[in-house]
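Shown next, in structure tokens, is the structure this report addresses.
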Amino acid sequence: MVRWQRGLWLFFLPSFGLLAVVLLWPLGYAIYLSFFDYYLGSDVRSFVGLGNYADLLTEGRLWNSMWTTILIAFGSVALEFIVGFALALALYRLHQSAKVFSVLLFLPHIVTPVVAALFLKWMLASNWGFIDATLLTFDIVPPDWLGDPIWAKISVILADAWVFTPLVMMVLYAALQGLDTSVVEAAQIDGANNWRVLRHIIVPALIPAIIFTISVRLMDVFRFFDIIYVLTGGGPGTATETITIYTYQLGFRMLEVGKASALGVITLIVVASLLLTINRVLNSIYRGGDQ
Amino acid sequence: MASLTIQHATKSFGGLEVLHGVDIQIADGEFVVLVGPSGCGKSTLLRLIAGLEDITQGEILIGDREVSHLHPKDRDIAMVFQSYALYPHMTVEENMGFSLRMRDVNLSERKDKVRASAEILGLTNLLGRYPRQLSGGQRQRVAMGRAIVRDPKVFLFDEPLSNLDAKLRVQMRSEIRELHKKLGTTIVYVTHDQIEAMTMADTIVVMRDGYVEQIGSPLDLYDRPANIFVGSFIGSPAMNMLEGRIGGDRQSFVSNRGTQIAFGAPVSPEADRKVILGIRPEDIGVSETGTPAMVRQVEPTGADLHVNLDLDGDGFTALFHERLPLEEGQNMGLKVLADQAHFFDPDSGKRIE
Amino acid sequence: MSVASIQRKRRRETYLVFIALCAFTFVNLMPLIWAVLTSLKDPKDAFTIPPTIIFEPTLKYHWEVWFENDFVRYLKNSLIISAGTVCISIPAGSLAAYALSRIPRRNAGPILSALFTIRMFPHMLLAIPFFVMGTFLDLIDSYLLLILALVAINQPFTIWLMHGFFLEIPRDLDEAAAIDGCSSWQAFRIVILPLARPGMTVAALFSLLLSYNEFLFALVLTGTNTKTLPVAIASFGGEDITAWSLSAAGAIGIMLPIVLVMLALQRHLVRGLTAGAVKG
């Protein structure tokens, strides 16, 4: 670094000092705790090595929550991506009125997640919720949206999609606006139909944005907490219990902080490897498309 | 005011050396232009002098003081940037007074100095404006005002005119000359435009690939280019180059394609020596008995006549100041005087004296 | 096909897209509309089959939730915590972001990737140690602990976002400032900072929003004294169905300021959301 700018390293101190204290230290502490059998409130904590990890990995509840997480993750991300992409294309097509629509469509995303979850809860609540009240008017007996194990999962996926589709839409719409319109027009003049323009021109140009949205969404979905917490609390039973909800139950309800930390570490490893894989796969597709 | 000495200045970025031990001695009050194609290291050298880049090896002295490793603010230099780099949120007055403010000059003295500089540059009416409210030429002048207000030892100019249109550039060229005359401060000026260099400099430093090719006054460089590169870089249109050998009589030249050019007097290289002949387009004359050439293209510019010629397959450019009645496709005879022919060694590229 | 017929076809398609988008938007906003309606209903209108659309609206519950149910106090907590987070996160973050935008790329690259990696940490993994340490230090239910936690999850994003803004300020200005006599700190404070103000405002609003909306840390680190709005509304409106109108009023009230901030931020929205996109 150039001599006269060396003082700039000092500029990192406040921020990185802060991060060390409030992020790295707690993180290290969590990893440390994960090796202990430690019930918060009791005075004893005994070192168990990888015991917590072994317990967790051999118990059904972890795997159940893992599958639930994966189901919800892929279900909602797929839904968000398809609907979000369609919406982005529709906005791109409209030009003039797109601005009004984009604001209206974006509203669900900016609402406080807890509040959004409540809005949905009042839609889905049995009997008096909007959907049930409407269906019952026509004498259709609705399913128990939040009480039936399968419907509860679907409801959670829909809720996630309701909140995050606007994000996917916005990012893809922004990427579309960055497209060189002359290329699209040239293809249309050459007689390519909409589908071909989409497949051969628009999608390849959007690959970086697509990689970005999908990885960010998958990463977020593993942190997905507030909406499930409010909507189903993980229930009925453990039907919608994701890893995050399970960790919450372990750590803050049962106060098994050692075991909960171990679960947190496992989550981190899963998320990291998942993201690495996705990035690698999508990147190789991206490069393949280039040639 | 002070002299500027650059001794064996070397600069590497990572493993890549971009300046290879440059030596330049600049006298007090001299206007020096560093010129060369892009990537030749001229801007890097300027930034070394300013202290914006660290020198890898060598020394820089301003006056008698070594400044090689000082912070830019401690070198007592001022710089005019290509982008002007005016502070957008400060008025012209604040921009010009900023360096004084940073040196704790009190407000009234600051005001006086800014006003004096503004007067020199005709900026008095613009002092309350912001940079975005100024035209390109005005911004350029503010950038100079910011430099002169502090009365530094050396001014550094980094391609200051390249963002202006052609007409304004010519005007600013003479304004900067004028300013230099008035202030007498040492100036190091970087440009890639050889005309700018020729018209402004006391001394030109021609650089290429991190080496100094030649240092000299503009006419020196024009009359006696030290090598092929300087010969073809200085002057427009560029010098014609022909490869061949000197005739047995030392009064002529034969190109590899067999074209004969007679000089009418002995030239400096010995007989039969392999050389590269350089002739400036404006040094070519017309003679019925001279070297035959075919007119390929005639481009009148009004003042001059720009003619592309064909010498047995070699392209050649001539510049005539009179309006000759030339037609494309016609044949004509050329004449070159012995003292207007430049000879270079084909292997080293160096001038043959 | 003639040009005219292609244009006619395109126009017809665009028209269909418009109709479909209108329909989708309406259905999509239904939960929001329903909540607004509920918040204005008396219980006799709230619990009906079919759902009541036309009724005599009342603002009674909006008044009640804020002034008879402590929501004003929760709002105060939310504001203190959000403001505290911004006041720590933005100054520290802007220094780092500026330095990051000025150091050589080969040094900045790894730091940026590290920050990006930190963003993907599961929050739960951070919530546990914060909870345990908070318990030991007797900091549970204090503003400070929650603020620090929010800074931790905020800081990488803040740096990312502001780094982009600083990159847009030409380096020539730093160099001109250095020659004019500024140290790095002076150049930052006097020359760069005033120019970065719009970007910092955006970053501040984003981090304000993030802290205001945050639920997990607020849930586990606050108690009766420092409870924030999201925690309050979750415990309030979640279970008791008879309090529907009341909790709907609370929920709408929590949402309104954000909608306003977001409308103001609209221009920068996408930029903030995509900060951290590896490409573009």
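In this document, chain identifiers A, B and C correspond to the written order of the chains, with residue numbering beginning at 1 in each.
As a convention for this text, contacts are C-beta pairs under 8 Å (C-beta built on N, C-alpha and C of every residue); 3 or more make two chains touch, one makes a residue touch a chain.
This one's a predicted model, so the numbers in the text were calculated from it and none came from an experiment.
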item: Arrangement of touching chains [line / ring / star / complete / other]; value: complete
item: Identity of the chain that, by mean CA position, is farthest from chain B; value: A
item: Chain whose Cα mean lies nearest the overall Cα mean; value: C
item: Whole-Å gap separating chain B and chain C, where each centre is the average of the chain's CA atoms; value: 56
item: Inter-chain centre distance, chain A versus chain C - centres from mean C-alpha coordinates, in Å; value: 16
item: Whole-Å gap separating chain A and chain B, where each centre is the average of the chain's CA atoms; value: 60
item: Chain B, residues touching no fewer than two other chains; value: 51-52, 71-72
item: Multi-chain contact sites of chain A, meaning residues that touch two or more partners; value: 4
item: Sites on chain C at which at least two other chains make contact; value: 178, 183
item: Complex interface listing, chain A residues touching chain B; value: 2-4
item: Residues of chain B touching chain A in the complex; value: 51-54, 69, 71-72
item: Touch list for chain B against partner chain C, complex; value: 50-52, 71-73, 77-79, 81, 83, 85-89, 98-99, 102-103, 146
item: Touching residues on chain A, where the partner in the complex is chain C; value: 1, 4-5, 7-12, 14-16, 18-19, 21-23, 26-27, 29-30, 33, 40, 87, 90-91, 93-94, 97, 101, 103-108, 110-116, 118-123, 125, 127-128, 130, 133-134, 136-137, 162, 167, 170-171, 173-175, 178, 194, 208-209, 211-212, 216, 219, 222-223, 225-226, 229-230, 244, 247-248, 251-252, 257, 260-261, 264-265, 267-268, 271-272, 275
item: For the chain C and chain A complex, residues of the former touching the latter; value: 13-14, 17-18, 20-21, 24-25, 28-32, 34-35, 38, 46-51, 88, 91-93, 95-96, 98-100, 102-104, 107, 118-133, 135, 148-149, 151-152, 155-156, 159, 174, 178, 183-185, 188, 209, 212-213, 215-216, 219-220, 229-231, 233-234, 237-238, 241, 244, 247-248, 251, 254-255, 258-259, 262-263, 266, 269-270, 273-274, 276-280
